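Down below are the structures I want you to see.
What follows is a pair of complexes built around chain A, which joins chain B in one and chain C in the other.
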Partner chain A sequence: MTVESNQLHDALHVPRGKDGRAPDPLRVGGWMPMREYREDEAVDFVIVGTGAGGGTLACKLAEAGFSVIGMDAGAWWRPLEEFASDETHQDKLFWTDERICDGDNPLKLGSNNSGKSVGGSTVHFAMVSLRFRPEWFKCRTLLGYGADWPLDWREMWRYYGEVEQALKIAGPVTYPWGPKRPRYPYRAHEINAAGWVLAQACEAMGIAWTETPLATISAPRGRAHPCVYRGFCVTGCATNAKQSALVTWIPRAVTAGAEIRDLAMVGRIEVNDAGLATGVHYQREGQWRFQRARNVVVAGYAIETPRLLLNSATDRYPDGLANSSGLVGRNLMAQTNQGVYGVFDDEIRWYKGPPSLTLTEHWNYTDTGKDFFGGYAFMAQGPLPQAWVSTQAGNRGLWGEALLREMQQYNHQAGFKIVGETLPQERNRVTLADEKDQYGLPVARVTYSLCDNDKALVKHSIDFMSRGLDAIGARDIWAEEDDTCHLNGTARMGDDPATSVVNADCRSWDIRNLWICDGSVFPTVGGVNPSLTIQAIACRTGDRIRQLAALGEL
Partner chain B sequence: MRTNDGLIAATLGALAVVAGAAAITRKSAFGSAVGRRHQPTVIAARRLNRASGLIAASTLLDSGIEHYRGAFHNRAMIAPLVVSALTLAVSAHGTRDARPVAHRLRDSVYAGAALTGLIGTGFHLYNIGKRPGRFSWKNYSWQNLFYASPILAPSAVALAGLLGYYSERLRESRSTGAPRVFGLPAGRALAALTAAGLVATAGEAGLLHFRGAYHDPFMYVPVTVPPIAAALLAETAASRPRKPRRLARWWLRLTTLIGFVGAGFHIFGVHREMGGWRNWRQNVLNGPPIPAPSSFSGLALAGLAALGLIEEHPHA
Partner chain C sequence: MPDRYPGYDVLSKRNTASWNDASRQVIDARLAIVDSPEFFDERKWRTLRAICDRIVPQPAGRAVVPIAAMVDRKLADDHRDGYRDARLPPQREAWRRGLAALEAAAQARAGVAFHRLMTVAQDALLRDMQCGRLDGPEWDDMPADLFFRERVAHDILAAYYSHPVSWNEIGFGGPASPRGYVRMYFNRRDPWEAAEAKAGHEAAARDANENM
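Showing the complex of A and B:
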């Protein structure tokens, strides 16, 4: 038994991307050849992080012919043999390093909003792959809140299409909201009972709903099998039906000549006297090492990205790299994730299949009947038993007999959760604490408070979803009022160096060979899951870097 | 549960063996009858028995697998198994029978199959009607088309019955000139019926292959080859041919072939599900339906019978 569980943890202790080979996640015990670069030889790009932003960009740049190294602090898993149908065991996919959380609404970090493996949090994301509402790219001008993006929605529409093809998104035949989009590459999955509950509630409330576009395949694709509706999606898909960066962008990147170093924690970016980045200091196998690079891309997500930039401060850049605007670490936006649940006479068994098979974006695309800025989507839910018991015991505060009674109704429960937009506020930020982590690096302090607009949005959503559940005969309706999900912001993109950290190409204003490519660059978050947008931005950045190189402007 | 599974699997296996044996005996009996040029209606009728038997075999296995998947939760779900097994049996009998008279038992089994197909369609519509969205043309009607009871599937039983019933009428047609059935020229009417069957079956394949996103380019074959066969048959039915329909004949032979090759592709498709053939107990149910494509072969055989009649009697 101990031997087995040690094997399941092997990847956490022994680097696998070494000696000219890399794990092949699509074959049991599989390996594929991988190019290796010398540390004293400057590669074109070193990318810190291999998730939705870094993994995608590594693939795009390698395929464009650049020499690329991707570094990830996490392990390189083979899902077919190392992902257990066990919620606790799968905590190994989360970033649970020490952090300090404060503010009026301190964030709970370490599960749904974190990821520490090659492929980042896409290894355990819920696969919901939504496009932004076009107006959100100009929400200051058109909708009167937040900040405008320096990107044009029509250009983003093309890149969304590229990502949807790359991940073979399974989505509805026609999408009810927004401008015309191409047909999703694969057809939508069969809706489970929890998904039909959302459909019926929306019908009762007179609003549109649809099948959720999901990054899990509904037909075979290469060596990946179609989804078997195992239901352990957010604890890591063991069948490779989930089109995570681990099984899509990363193998493509390696095939195209990129090197990925797993269990490689980057602690500091080195900057020379000319004010240019020269490489990264990283820890691997217990040693601090240095990799030279002509360009450095930071793709560590909304907490680790500012942490690395701030921790790389020098005499020349005392406030951290790329921080002349003072905005590195600021405008952190954690999307709200409130839920409403009820009990039904019919058996629901909401653990079956992907958790969010249906959704509505009604309140993303409707601007009337709201007393707040921004929007939210809400989706069907399918928490696994342990996640559900921690919701009941934690957020709801049930214990003992009451908790037992509630858990016995598990198979009859259903409900919805929002992905709610929060406004950018400079007071919500990531800074460095005095405390040090296991690598000897200062830990991140994450300060978070909701504003009145965020609270009004949450109130509206809980009220609307509760009425929806009530309208279709749910009993014992209750609201989970304190939860958040995706993190964005902290290194926003913009047109003006004084009010943004990077430009539309994700290139930092201050250091021309330092780039940031992940959810940190979002000026606003919208009311949809960010992964598709992060990947679309990474695809665009890859194309732009290729163009700039051709023009000699790199 | 295991015993039950084993029992069903054994039954299906036994039925498959019966079907195979029937096919072999059909072939030998047919070979000895070809020479009897004075009875072209009987030759065509026996060819139709063979076509009907092949469709019945396909339906037997397909409804067996799909209704087993649905746990026979409605007792009526056993009906297509019983009826198509009987249709298969009487078709085997018909292919060996060279007498120019209809057979009462065959006749009633075929009529019963046609009726069962019709009623089955009603049951499948009822199933969709129970689901959210029902027959709405909104987005989620696709859910019902993809994942509810397939609307067109029961009509395969109906087609097997109809073709068989037609073969009995053909057998007993007494006219000295061009044979007529139900007052219509027999060859042309049969060609039209077969063309309609091919179009409907291609429609079903098209829908379900769309559901599979045509992830393999070969998935376009059943939505291109059979409709062309149907068009050639329809053209034959509508015109007064003077010369042999060489293209139609070869195209129908190709359609017969793709029905069997399609089953091979579906066997490969099962292997691409999680666990492949090692996990056959799940994947035969969840993967592409192996018996389904052979309906095309059955229909193409019926089309060839129609061509034979028309070439023998240009006014048939």
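Showing the complex of A and C:
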């Protein structure tokens, strides 16, 4: 970089998980001992990606006594000393390698949804930690759309509880929707003005709202002190209040004997003549290397996971690995993320605190009064200046004096955004482009188009949220009509090898020692942020692998 | 435009608990960006500067934010966003092509370089670009409206709103770590936040901002 200090970018160039030690993110300059495995000796599991799915599974498997290596293409950060309060600089957390987007609604990736570091996208996520509505696990049977999951909601309810405890989720005393759930481990955070605006709008519209269950601590935990409401969450938390995989699952995994290799980009999974995975080819410190493994888990996020499976094609598997169904890369679902905004006489100052301190799941749990399948939550917002100007310019086409005037209302703005369900469609997919990346690997082409149902949901949400803002006296209300957020799908789980890529245990149908454990396995997405569900599935997969091993079925 | 936060300077917090070392290093480096090109040639640099002046007309009597240089550095480093609309070439090529095409349009329309046009004529050309009304062989299939939205507006505005001067203008708190915020409710301002000028009380706001 010519313009910014190199020192703060060190982690992007020099691997840290090496020589028997790993960074301890909770201590300035700290290290912790880390076990190391040889490349020529097969470990029980190599996990590609250390985010919500991979980081959690690495911890569970290491704690179950398996030998585990987690590899991540990204850096191993030390938030306390390396995270600046700065949107531009913190770009270093995102997957900014080229990806090509097309379709009717070309997606925006990078800072919008894709992380690249040890801890994955949880390092910069907004910490909203929600459970699925139980019916969604059988939405084809019970609600008439999408595809059923091969999982039982009661079992998932237990795993949600495990993750909420592991992350000390701060949430409300009682949650207004769905079956009873245990109390959240930590008390809810204080609500900021932007959050109160949502509460008032919901009350005016006669629907329930609640404090958002968040993965940032509201009381001290070990060496981490509580959230200080600095508001830079989506650019990385410099105080470690945020319970990302980087400060939770990963240190636990390392303590339990896992090895994590940072700056390790996996380019291909090797499969032998018997049709079994034997390890991964990965690039680290400028060299292609090979790690032997008895099992390979892919947990690279809904774009990189299919890309790696497709890039690993062989003569025997010309369409990529685990792809006999032809579904690898298909059914990509990007949740819709439309917003409405208005201006208030009051000072809101929405840059203070985590961005979404309140939310409503009313339209996730209400099936009447809808002309579409699926649901949406909507939540309070707190965009930082660059994010806000990109919303203003990108959606309203403002520039010049008109834009500067509008930006001056920054401290008086409030608004809501949805996390909206989109339907699985086979035409929405990840394929390989001709262009190559810096490792010489074909980059992903991401094709996305909303269907009529998706558009009807968006319209419903914009109408409803606008009326909510209007009811509490907001001025200059406008809608952001074009945005999407979290990505899932592309390697769905199911009961039938013909219509799914993995089974309920995240094990691929085609290759018995190849597993997929991240948001890719979602058959549907629901109207809530996905990371709690991804982590719950990873916890379940860890337990299942332990059981299968005990039965001799690994 | 009225000064909504008179006397507020986010940099006055540089040596307080609101800024950690990392933030200081990053902002110092940004403030040190020299207003000359590393990536663009002289001609394209002049066009880019003229565009920046229209996308973000900066008020007189204030230090000028070197927006064009900030965009130039993004391209010099080829620091990408992580996605690209399939109809656009990679960012360096998009910028080179787009600037050349805008120059060609200025020449065709008025026979002079874009930066020599009156501001109204510049605005008209930019608006035509925004609406996709510019085309011709120089564009080589790159849609002008997409170039405007994904490169011109996106890169220029991201650069401006990464600069402390823009934060002063909108009353943003700027870096906040290790100290964050305490007063979360409506109309509650922490003493280390910008005070807004209310009609008739501008002096009080200035006083609060200058004694932060």
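Keep in mind that, in the parts below, the second predicted complex is superposed on the first by the 550 of 554 C-alpha atoms of A that agree within 3 Å, B and C clash if a C-alpha of one lies under 4 Å from a C-alpha of the other, contacts with A are read in each partner's own complex, and residues count from 1 in each chain.
The rule is simple: a residue touches a chain if its C-beta (ideal position, glycine included) is under 8 Å from a C-beta of that chain, and two chains touch if they have at least 3 such contacts.
The model shown is predicted, which means the values in this text are computed figures rather than measured ones.
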{"item": "Joint occupancy of chain A by chain B and chain C, clash or fit", "value": "fit"}
{"item": "Chain B versus chain C as contact partner of A:172, first or second or both or neither", "value": "first"}
{"item": "Contacts of A:132 with chain B and chain C, given as first, second, both or neither", "value": "neither"}
{"item": "Which superposed partner A:196 touches (first chain B, second chain C, both, neither)", "value": "both"}
{"item": "First, second, both or neither for A:353, with chain B first and chain C second", "value": "second"}
{"item": "Chain B versus chain C as contact partner of A:218, first or second or both or neither", "value": "first"}
{"item": "Vertex chain A; arms to chain B and chain C (CA centroids, nearest 10 degrees)", "value": "90"}
{"item": "First (chain B), second (chain C), both or neither touched by A:210", "value": "first"}
{"item": "Touch count on chain A, higher of chain B and chain C", "value": "C"}
{"item": "First, second, both or neither for A:187, with chain B first and chain C second", "value": "first"}
{"item": "Contacts of A:160 with chain B and chain C, given as first, second, both or neither", "value": "neither"}
{"item": "Partner chain in contact with A:239 - chain B first, chain C second, else both or neither", "value": "both"}
{"item": "Nearest Cα pair across chain B and chain C, whole Å", "value": "7"}
{"item": "Footprint overlap on chain A, where chain B in one structure and chain C in the other make contact", "value": "190-191, 196, 228, 239"}
{"item": "Complex contact set, residues of chain A against chain B", "value": "168, 172-174, 176, 185-188, 190-191, 196, 199-200, 203, 210-211, 218-221, 225-226, 228, 239, 241"}
{"item": "Interface residues, chain A side, partner chain C - complex", "value": "1-5, 7-8, 81-89, 91, 94-102, 106-112, 114, 190-193, 196, 227-232, 238-239, 346-349, 351-353, 384-386, 388-390, 393-394, 397, 399-401, 403-405, 407-408, 410-411, 445-446"}
{"item": "Residues of chain C defined as touching chain A within the complex", "value": "1, 4, 19-23, 25-27, 29-30, 33, 38, 54-57, 73, 76-77, 79-87, 90, 123, 126, 130, 149, 153-154, 157-158, 160-162, 166-167, 169-182, 184-189, 193-194, 196"}
{"item": "Chain A contact footprint on chain B (complex, rising order)", "value": "132-133, 139-140, 142-143, 146-147, 210-213, 215-216, 269, 272-275, 286"}
